[in-house]
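We call the chains A, B, C, D and E, going by the order they appear; numbering starts again at 1 in every chain.
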Amino acid sequence: MTNIPLIPVLLLGAVLFCLGLLAVITKRHAIVVLMGIELIFNAANLNLVAFNRLQPDLMQGQIFSVFVMVIAAAESAVALAIILKVYQYFKTVNLDQIGSGTDT
Amino acid sequence: MNPVLLLFYVFGLMAVGAAAFMVATKNVLYAAFGLLITLLSLAAIFILLFADFVAVAQLMIYVGGVVVLILFGVMLSNQVQGKAVQSESVNRWSGSLVVLTLFGGLAYLILSANYLVPAAPLASAGDLPETKTSIITIGIRLITNFALPFEVASLILLIALMGAAYISTEEKHD
Amino acid sequence: MLALLLCLVFLLLIVIITTYAERKVAAFIQDRLGPTESGPHGILQSVADVLKLLQKEDIIPAAADKPLFTLAPIIMFAAVRAGFGVIPITPSVIASGAYLGVFYLLAIISLDVIGLLMAGWGSNNKYAVLGAMRSVGQIVSYEIPAGLAVLCVVMISQSLDLQEISFQQGILMNQFSGLEKEANYLFGLKALNLDVTFIGGITTWNIFRMPFLFIAFIIYFISSLAECNRAPFDIPEAESELVAGFHVEYSGFRFAAMFLAEYSMMVLVSLVAVVLFLGSWNTPFPNIGPATLATWTTGTPGTWTGHLWGVVWLLSKTVILIYTQIWIRWTFPRLRVDQLMHLCWKVFTPIMLVLVLLTGLWRLWMI
Amino acid sequence: MNLNAAFTSTAEQNSLALWALVVLLLPLVAGVLLLVTGRKLPRQGDWLSIGATGLSFLLALYLFFQVWEMPVVHVVQNWFGLAGAGSNTFAFTIGIYLDNLAVLMLVIVTFISLLVQVFSVIYMHGEWRYHQYFGYLGIFTFSMLGIILADNLLLLFVFWELVGFSSYLLIGFWYEKDSAGRAGKKAFLFNRVGDIGFLLGIFLFYTYFQTFDLVILKNAVAGGINQGAAFLFPASVAGNSSVTLSYSLLTLAGLGIFCGCVGKSAQFPLQVWLPDAMEGPTPVSSLIHAATMVAAGVYLLARCFPFFTEDALLVISIIGALTALLGALAATAQYDIKKILAFSTISQLGYMVMGMGVGAHDASLLHLVTHAFFKASLFLNAGIIIHAMHHAAHELADEHSDVQDIRNMGGFRKILPLTFYAYIPAAAALVGLPLFSGFLSKDAILTGAWAWAGFKSLNGNYLYYLVPLFAFGSVLLTGFYMARHCFYIFFGHSKLYQAPTLLRASKTTETSGWLLVPVAVLAILSLAFFFSFNPFSYAGSWVMQGLSWQKLLFGQPGLSADLLPAITAYLHEAAYISLATAVLSVLLAVGGLWLGWLNYKSARRGGILTTAAPASSFGRLAYHHFYLDAFYEKVIINPFMRLTGRVAAFDNYFIDYSLNTFAKIMVVLAKLISWGDRWLVDGTIHLVVKVAGFVGKLGRFMQNGKVQTYYIFSVLGLILLVLYILAF
Amino acid sequence: MKEYISNRYNNNFFSVVGALLKGMQLTLQHFFRAGKRREPTYVSDANYFKQPEGLVTLTYPYEALPVPEVGRYRLHNEIDDCIVCDLCAKICPVNCIEIESIKATEDIGITSDGTKKRLHAAVFNIDLAKCCYCGLCTTVCPTDCLTMTKVYDFPETDVKNMIYHFTNLSPEEARQKQQQYDKQQAEIAETKAAALRARQEASNDKGEK
């Protein structure tokens, strides 16, 4: 049935993970950082689904990817709420300005 | 080259391209739509990996929920001033360096690791369980083997819901 | 391929007819004539409208975010159209027999929201942004009661496949692979011991298999009004407050696309309501003794009689629902935002939660 | 006392005690609830208080029928223990004591409290602290019931103080009015003076008998052997060892306890607080300052009767007689409707105390019971009249006239006929006319006093006859002031408000039923039939038989051992005394009434002056209550204030001055030390800090507070770690 | 959601649902009466007030409400009766009437009510695009030649066509009449000049003498 080999999938996951990490590291906008984190989650999901073939009967990989999604959803909801709160307080979501928010 | 693999590469390239666009663009909204495309491509890849439930869940949770939330967040946290929402980058060189190094390490690991699963799965279809869809298995597993994580996840969701609602409530000073 | 054709052309035709019906019904309810000029009784009015819109200039405001602005209608249209893919038209015609049909439908419809947000933000117009925000808030909220209502049906049917759900609601049940041994009992209660598998008709519809689903159906229907931004929930498009909401800046072809997306959404939610609650393509007439009304009005699946009867029943029920939507639009005034949210979160969601519980119990009694 | 002493009591007794506890706690619960949540309850919760008291009353009735003329219920529990010297522990007990007297008092207190609360519904209507008022009443009722039920002196004292406290709250209820606040304070402080004596008395008894328990004390006292100048209490009754106490010490201890009574029951010389306490709402006056609280002193005397030596009783009787006379005299000169009644109360309390003193224990208690009813009725009656006057004054926007002045009243017989008919039996009872309850009890006391004097003067000292003389004089005066009270209010016509509609609630009803019913009930209960089947003879009174000392004290009169039997014997011999007393008292009362009528007539003829104090010097003296207040002011309060002034000056000019000087010296010293601290100690520290700061700056390069930089470093660290693992 | 405005439908769930259903019933009734239509009758028609239900729209160009005979819409001038007095042009509040007159050289007859006509109407234009249908011109008209007709539907594709010409003279005739008049005036002037000259000469003669 499936003809997709494991390596390309894992490499794709690695690329996505690195891009997500890059976004997390380099971006100054808090929401873009959040997007980077979502990307990292997705890379992890990809790996989980790919490794699902280890024990296809148990579906551990897929189930855990669903759990990861649930956590991601919860995390993003809370993170966005925090970002909005930060925005209300600092009038900016620029991470650098938040860090030294009081004196800028 | 079989069509499934071709599709995988196409969607993989789309995902990588959109993710790269997300990192590269300065416009936050474009970044969000880049993320959207990545997520959709990944959903497609999930289907190719026989994870249809995960794919639809991906659509439902990420596309219907997270991206909408992010878009909402962008809109609510920026004054509309006639120009697109910009996001500058910092640590560009050092960040890229670190990420490249990491990717090198990961790629090395992936390529050199010895997998317990066959790199290419069993070619004969007969060996695979005759399930049309993964959802029945997932459903059964969720309420048997994974009942506790399932309940915990629901609890986390509830707590996150309440927390988010509480955090974003404006305090009333009177 | 036939199914795809049906989906793209036939259902598009329904959408166009719906826009015509909207005008006519509105006119009749208001003691007016409605369109009369294009064609006899103005039946070509919608076609004329579409042609007019296609010819119009495609205006993109200078301050708009061009990529978002141009992509938004396409995404909306595509998302809604994609939803039609899993709707069974007749016992043997379905564009995509996805096993996750219902789930997929809910997921793909949520793409619509992205398109709305893109349109609202891309227009760079405060009315548009406000409309989009309201619309998204409303749709996301009402997805919960609607989703719970769908969940009730899924719990009763034990399937996410819309075709399987359709088969369960009629005399053809045992012809579906996997349902050969199933039997329908009156009100779904095995304890009553009244086998209605071959009586069919309305007795096997989901609202009859589990009578409380009627409440779920009502709530699903009202929620679907809100999801289509239809009156009395048309707050995002409130002409008097927001001019036209998120599509205030659109014109020409893009407006046509959004317009058609909205009407397609109407048709889609009505179709889903019919499939899930009102027996899908099944006949409403039961077999009564020798008068096998159900068998007569079902035809043989796979042959042209089967196709014909399926399409007739599905569309007639859908048309009634669409008519009700239009009828409601021209009867009730618009709600306030707080009333809308009150209705969703404090009325529908609790009711639906109770119903889900009840449905679970019912399912236990069914087996 | 032995901690392990078995407090045996039967199950029936336990259940009765439990019901008594419920009776006790119901008003408290209602009161606290009202104080906490009253404002939010419908009708501000008056129904709650009334309901609780009503329930309490019904239970009290039940208890009455269970206990009256039945074996005494006495349930004791350990309360707490105190470690004494060695392994000794002093156990304190807590208990409920139900005998004839207690259950009768329970019924009376709950009943009058209930009626007064019903009355207050209208009387206090519209008051903005309405719920607090009822809450206070509940707490008062609770405290009063506590006094009644307490089986030991310590507990009794606790409730005694609680009664004082709630009385303070209620007198000062209208604290917005300066005079009310002051009256509350005054009542409180005067009570404290008495309580000090009471406390000392309790301590004296505790010191020698090691117990507060009244029953044990009574037994101990009864077991005392009179040795002339001293009493010997054998070990069997007085605890661990036998005790010999001198007669004078015991007299002093008894007088100490009597001090409490003097304070609470407004006896000479502490009676001055009671007239001022009329600043409280009238129903409160009715409940507290006529029927229940002031009677607590008499109740205490009855409970502690065995502890009084003959000399102590003599003092008590003299004080009582003096109070009765002074109160009556003062009442004759008053014009305030409530003050007359207040002085009358003092006078009647004097009767009771005198009755105790002369050994007419049961007569005194009978008077306590009858007085509770008719005086409460009179006060509530006065409340109705004041209410009506207020109503009229409010209608006419009259703020200058004193609505409580009887000279401003008149003709209410026509205007408020029902009130008048309710007034008559109560007033007649107070005066002591036959057929009314007052006649019975007063007659009994007078007879007792005469008999006592006769018995005492057997040795030739006829001064003892002064006591009954005072008492008979008071009877005349009672008739006089009550006649005055009655005629001024109900006869003639009002000078201020002629129009009846002003004073009546409406044309058809003179006033609300909520006000009238309690008054009427109490007035009916002023008839003699309820207390004795033969309304002319107290001897057959069931109350008196139930309350006789033989029954209450089990025939053990205590320290005054042979006095009571002796008087009884004497009375038996000189049987003419009873009849003579009855005839004489009635004659005197009628005479008093006639004098009162004459006084009223002359006042009417001369035109009633509404402002001035009485003209005659005696009248002035009586009007100002013999200048007792002024006397206290001059002799006690002013010197005390001067002394405190001096002490304050000493504090200001000497102690503060030396402190300030010392402080200044310290400041100078501190400045010196601070210089050293700043330049020597801090300098060193600053140097260290600078060096540390320099080093820190070097390290800060890596920690710029930006989370993303940390990410880079941490990921870099991870990579290095992996490399290290891979490399080695 | 602090408080609802109190009305009888807010009292409970079922009254609210009842109210909603009642509304829907009402609109449905109207929908099903769509088969009936109002007829284009005039208000004086006995049937006019007896059509409370059905569609009210008239497909106008094909159907129209009848206009009363006395309808006052488009202006019409009976030029034969017009004496070109210019009163109507003067009173017109929007200046929609344009008149140019030429004095007649000969007797041109009388109007139908007997007034003598003295002027030719070289131009008599009414711009009905400007007209406000106030009817003042018809009231001042001395010969009642200017009237309002019941024609009310006269749309044109060119706004110039909204100017109605009522003169019975063609431009050539007008020019001719003008020339005749000018000629007549010239002759009269000539005659007058000759007479004047003769009188001057006579007086000169007298003076010379």
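Here is the rule we use: a contact is a pair of C-beta atoms (placed from the backbone, for glycine too) under 8 Å apart; a residue touches a chain by one contact, two chains touch by 3 or more.
In this text, all values refer to a predicted model and were calculated from it rather than measured experimentally.
S.K.: Could you name all chains that are in contact with subunit A and with subunit E at the same time?
M.R.: Joint contacts: the list comes back empty.
S.K.: Can you list the groups of chains that still touch once subunit C is no longer counted?
M.R.: Connectivity without subunit C: A, B, D | E.
S.K.: What pair of chains is linked by the largest number of C-beta pairs in contact?
M.R.: Result: the chain pair A-B has the most contacts.
S.K.: Please identify the chain with the largest separation between its CA centroid and the CA centroid of subunit D.
M.R.: E
S.K.: Calculate how many whole Å lie between the centre of subunit B and the centre of subunit C, each centre taken as the average of the chain's C-alpha atoms.
M.R.: Each chain reduced to its C-alpha mean, subunit B and subunit C end up 29 Å apart.
S.K.: With centres defined as the mean C-alpha position, give me the subunit B-subunit E separation in Å.
M.R.: 76
S.K.: Could you put a whole-Å number on the gap between the CA centroids of subunit A and subunit C?
M.R.: For subunit A versus subunit C, the centre distance works out to 34 Å.
S.K.: Averaging over Cα atoms per chain, report the distance between subunit A and subunit B in Å.
M.R.: Their C-alpha centroids are separated by 7 Å.
S.K.: For subunit D, jot down the residues that touch at least 2 other chains.
M.R.: If we look for residues of subunit D contacting two or more partner chains, we find 706, 708, 712, 715.
S.K.: Every touching chain pair, please?
M.R.: Once each pair is checked, the touching ones are A-B, A-D, B-C, B-D, C-E.
S.K.: Where on subunit B is subunit C touching in the complex?
M.R.: Listed in rising order, the residues are 29-30, 33, 36, 52-53, 56-57, 59-60, 63-65, 67-68, 71-72, 75, 80, 82, 84, 132-133, 135.
S.K.: Looking at the complex, which residues from subunit A come into contact with subunit D?
M.R.: 21, 24-26, 33, 95-96, 99-100
S.K.: Quick check: in the complex, which residue numbers of subunit C touch subunit E?
M.R.: Its residues touching subunit E are 25, 27-33, 36, 327-328, 330-332, 338-339, 342.
S.K.: Touching residues of subunit A toward subunit B in the complex: what are they?
M.R.: Those in contact with subunit B are residues 1-12, 14-23, 25-32, 34-36, 38-39, 42, 45-46, 49-54, 56-63, 65-67, 69-78, 80-85, 87-88, 93-94, 96.
S.K.: Okay, in this complex, where on subunit E does subunit C touch?
M.R.: Answer in residue numbers: 1, 20, 23-24, 26-28, 30-31, 33-34, 53-57, 59.
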